[in-house]
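Chain nomenclature is as follows: A, B, C, D and E, assigned in order of appearance, with residue numbering initiated at 1 for each chain independently.
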Amino acid sequence: MSKKTNKLEAINLDAYYGDFHALKNINIGMEEKAVTAFIGPSGCGKSTFLRTFNRMNDYIDGFKVEGQILLDGKDIYQKNIRVDELRKEVGMVFQKPNPFPKSIFENVVYGLKIQGIKKKSVLEEAAETSLKRAALWDEVKDKLHKSALALSGGQQQRLCIARALAISPSVLLMDEPASALDPISTAKVEELIYELKTDYTIVIVTHNMQQAGRVSDHTAFFYMGELVEFNKTKTMFTSPKDERTQNYITGRFG
Amino acid sequence: GGNSENAEGGSSLSGSIQIDGSSTVYPITEAVAEEFRAEAPDVKVTVGVSGTGGGMKKFTRGDIDIVDASRQMKPSEDSLAQANGITYVELSVAYDGLTVVVHPENDWVKDITVAELKKIWEPAAQGTIKKWNQIRPEWPDKELHLYGPGVESGTYDYFTEAVVGESHSSRGDYTASEDDNVLVQGVSTDPYALGFFGFAYFEENQSKLKAVPVDDMDDSNGKGAILPSLETVKDGSYAPLSRPLYIYVNSKATARPEVITFINFYLDNAGELSQEVGYIPLPDELYKEQKQKFEQFAKGAQK
Amino acid sequence: MTNSDINRLKDKAFQVFGIFCTFIGLVVLAVFLFDIIAEGIARIDWDFLTSLPSRRASRAGILTAWVGTLWILVLTTIIAFPLGVAAGVYLEEYGKKNKMANFLEINIANLAGVPSIIYGLLGLEVFVRQMRLGGSLLAGALTLSLLILPIIIVTTREAIKAVPRSIRDGSYALGASKWQTVWNQVLPASFGGILTGIILALSRAVGEAAPLIVIGALAYVPFTPSTPMDEFTVLPIQIFNWTSRPQEAFLTNAAAAIIILLIITFLLNGIAVYLRNKQQKKVKW
Amino acid sequence: MRVSEKVIEGLLWLAAVITILITAGIIWVLLSESISFFRVVSLAEFLTEKEWTPLFADKKFGIMPLVAGTLLTTGVAIAVALPIGLTIAVYLNEYAHATLKQVVKPLLEVLATIPTVVYGFFALTVVTPFLQQFIPSLAGFNALSAGIVMGIMIIPMISSLSEDAISSVPRSLREAAYGMGSTRLQTSFGVMVPAASSGIIVSVILAISRAVGETMIVAVAAGQQPRLTLNPLVPIETITTYIVQVSLGDVPQGSLEYKTIFAAGITLFVFTFALNNLSFWIKKKYQEKYD
Amino acid sequence: MSKKTNKLEAINLDAYYGDFHALKNINIGMEEKAVTAFIGPSGCGKSTFLRTFNRMNDYIDGFKVEGQILLDGKDIYQKNIRVDELRKEVGMVFQKPNPFPKSIFENVVYGLKIQGIKKKSVLEEAAETSLKRAALWDEVKDKLHKSALALSGGQQQRLCIARALAISPSVLLMDEPASALDPISTAKVEELIYELKTDYTIVIVTHNMQQAGRVSDHTAFFYMGELVEFNKTKTMFTSPKDERTQNYITGRFG
């Protein structure tokens, strides 16, 4: 589809929750150092698909995947793949904020600590950098060692972003990372995404079509478990090929 | 039990009889109660095992009709009974022979005297008598390991009284257990052990244990060291380590015909049944004496 | 070796250790069960279950003991379950987080540590003597209820704590009163955890002998109780009594009685585990 | 409706207050007898005397040997049960397959239901001889075997209740940990266990309480020799053993000897009270960190 | 401020989480049968304020309110107020979806059931009506008796809206009700809000300024616990008086 190399690729992918067929024969390739947005109505399978890229669905009972997911051309569902290594490559931010019941600082450096990094100065620097990138530094710099649970929803979500950035993954999966953020923070995050894509491959799920339009290079439209259309974001938004895409996009507000 | 007067009247008896007390006496009372079921099926006899002390407390408060006791009532308990207006009669029902045992591979102990037992068990022995050869020089220079019932058991009580001369007076550094089966286990796995417990536990575990003949240095009741057995306990030659077991009956209970019948049945059958469950019967004439004593008491209580 | 390899190794090592620990528990259990079953299974037959106690090991049965145990179980559940859950709910949902609540919490933890025999002494004084219940089933069940109450309360509280606040918020916002929220949302959602506590508590109650002996439960009862006011015996007392008899045959009887006791607790656990699994499938967040 | 709410709250309050009544009852039962005991034996003697021989002719009333025995068996039991129980909880929660967990958890719970007399004999006739092969100086009755077996008995208290606590940690937390590339071990001990700490601590307190109060195992396998020692290889006596022996034994009730069990009982009560306060305090402190 | 009667009013309202002063001397009146939007950056106290109207903060340890909140002129923080009655009047939809772990049907009729309504036909009708209003009926009508937890995030949130509508409150508080919804559902919900305001007084917290612009009659801008500006939505968006409002509004995207 594109001449650039595909960082991520799904080949004939099917996914099931028990008997429920959640993803139907998906084929898609995501360019390196680009932002790909997944859009589609609620329940269409965006989150499910996103979570196959770092195998987060492994922990759901009854979940089953068929087909292949390639990261740098290597099938991540192969036996000899180490999931922990995979997840250091493929960072993730979730739909609902999920900070650990620890201090703000501990949250941010968690990923580094589990990699065995202990030096205080390194951790502190990493924490500051990540929190700044996530546009949270100014609000929390005085209470780094207070519990993260006392933050508001929006603050918590930005903390989760900071946490994911701290381990410097090469791919970043974001499941509606801004759905709990106010416009200012959202704008900051969008800027950040824009900055990050010079180094990282980013996949983002969003309900906000304008957001998709602003941040993404490519957009994929899902509907009832199917990948209906996948194209350059501009092309897709201006001249959608599929009727369903068209309906969805024009049904939008703004 | 061939008691013609009860056999006929028995079927018409009803009511209930509550017994509690010593765990040592329990098997005899249980056996009697079991047989009594055939005699008087409508009489509900229940038996508890809260120990002689626990049973006595209930008895002296008037909670139960009969108490099983592995020792005689103590003065403190008697005064409690009096304070609660309870009169009672004490009846002996069987003997329990305390047996001194060693490991079956112990080939040096052929017999032991009461004086030697005292030397081993008296309070002064604690920390000083630690080796076999301190008792008799020809015995080996090996550590002596002692096993005995818990301090609060009737068995211990009786043993210290008989051997040391004062109840509850003994050394404390021995392995004690409330459960005689535990003591059997201890002695049977320890070649340097010496212990004592009820005759029945020795009898049932003869292959694992060796009983030691005891010499009380008194030839009037049998010469030399004597092994415990049915005969030697019954005829009194196994002295001083056989103790009588008792039941006590509340006078108020004797107003009830089912209790009278039960006690008579008990004394008629205790000889046979106590032997069956591992104890040693009293000589026949003693049972007759107990029956008379009870008859007297019951009559007195009716007035 | 990179850090990541070390982590992976640690992870694997822990997995092995985890299997090992689980295995230890299961092996010990298997050894126990095998031992007891090997000794006692041959003794179990219809007569054993339906006969009264006897001095002859071969004729002795456990009818009155197992009937007594069932009675005690049912009565204890009826008394302790509502009381314990109610206290747990009060402390977790209603009680203000103040000194009094702290006091109650410590108090309950203390009660959990009081040895069972002391509950026996309490039961003897309060239920047997003051309330004149005598050595009845009711007195026994009340005594055991006191004994297991702290376990039920503590586990109930933990189970309730695990229900997310958002569920309570949702209910309150719809106009539900506190009790309606507790009854319709909190209790159903925490029922699995509460059941676990009750299983553990009841299985403790069912094995207790000492406090029941103190309050006057009997060893020889030649009739099955028919009302809560009747005298009784239970399996643990029967087992305790048999294990201390000199005759080997009684030890076989004891093993057989233990098998029956275990079957009773298995059935009990089975029911509760079934309910719990059903519950856990339903609730996930 | 408002009235019924109040009534319900009142009833629930009553249920909670019953626990205070129970405590009051226990204290009353213990105190009423031990007061007259302490009239005869001074508290100072009770606490400082190094021997406990109230039933012998030469009576000494030092409770410390019984306390030492209790500490010793409980210590051994917790040393066995805590690591194993917690490991099992984590293993079942994070590593084991769901069906394995469903089978193993209730099976382990059976361990807590086996009559303790059986455990006692197991300790005496199996564990002690087994250990004697490696520790020749191990006495036939000892705190070690009793403690180990008691530890096995309380494993399910820790494993089951801790597992419950861990599995009630929101799934989103676990996902976050995995999403960061944590191994299962790191997820468990770095995130899940701390988040479930209050439940885990409670399970451990319950287990300790059970160990402190356990009677039959120690009565059968640990011996009945009050001894002021922390050596687990020799016979000792615990407070509970003493209480059960005397209360089921032959001692005339109302005598000074009999009253010793209430003095011992109240010691045990004070002992668990202190223990519980300590853990309560730890727990509170722990929680504040995360609230 | 307005000639219409004020359905809700806050007078000199201060709120605290322990020592933290979360709301500072708020004075505001909300018109009957109108939509009022609360906007402001993350952590400014929008949710806190919203939750004082149905006293949801009562259950947070250490939370304290000073001043008055009037509903139809009556102080809802008075002693003799029954909170359960209050909450039947003042319905609420939360930021994070919080369906009960019960069936979809049971979720919707929960509010009615606890009012003592048992008749099946009534409950079924109410469920259908509410689900239709929340634009969820078509997706769930075949699995009404399946667990609500198996729904996707967006479906769950719409279920929560349906649940709140089922008890027909006169005031509806919505804390970012659409932050987890896709545009189609969002549009439906907005339409619904528009419809509802003919009968209900609605207060909505939102991060989406366009949403505020579309649905609300009045807008209140909060900043760090203070009510900075409150005005007709149009006036506010076209000519904000306060510099902070201006900055916030112009900092927006779209």
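Things to note:
Note that contacts are C-beta pairs under 8 Å (C-beta built on N, C-alpha and C of every residue); 3 or more make two chains touch, one makes a residue touch a chain.
According to UniProt, the chain labels map to these proteins: A, E = Phosphate ABC transporter ATP-binding protein; C = Phosphate transport system permease protein PstA; D = Phosphate transport system permease protein.
What you see is a predicted model; the values in this text were computed from it and never measured.
Here the chain pair with the top count of touching C-beta pairs is C-D.
Relative to chain E, the chain whose mean Cα position lies farthest away is B.
Rounded to whole angstrom, the centroid-to-centroid distance between chain D and chain E, based on C-alpha atoms, equals 50 Å.
One inter-chain figure worth recording: chain A and chain C are separated by 48 Å, centre to centre, where each centre is the mean of the chain's CA atoms.
Spacing of chain A relative to chain E, judged by their CA centroids, is 29 angstrom. Note on chain placement: the centre of chain B and the centre of chain C lie 37 Å apart, centres being C-alpha means.
Annotation for chain A: residues touching 2 or more other chains are 84-85, 88, 96, 114-115. The residues of chain C that reach two or more other chains are 7-8, 164, 177, 213-214, 243, 284-285, listed in rising order.
Shared contact sites, meaning residues of chain B that touch two or more other chains, fall at 23, 50, 54, 179. Put simply, chain A touches chain D in their complex at residues 54, 56, 59, 61, 83-88, 91-92, 94, 96, 98-102, 110-111, 113-115, 147, 149, 160, 163-164, 167.
By the touch criterion stated above, chain B contacts chain C in their complex at residues 20, 23, 26-27, 29-31, 33-34, 37, 44-50, 54, 58, 63, 179-181, 198, 200-201, 203-205, 273, 276-278. Within the complex formed with chain A, the chain C residues making contact are 3-4, 6-8.
On the chain D side of its complex with chain A, the touching residues are 98, 170-183, 186, 190-191, 194-195, 289-291.
Contact residues on chain A toward chain E in their complex (touch as defined above): 40-43, 47, 95-96, 139, 151-155, 158, 176, 179-187, 190, 207-210, 214, 248, 251-254.
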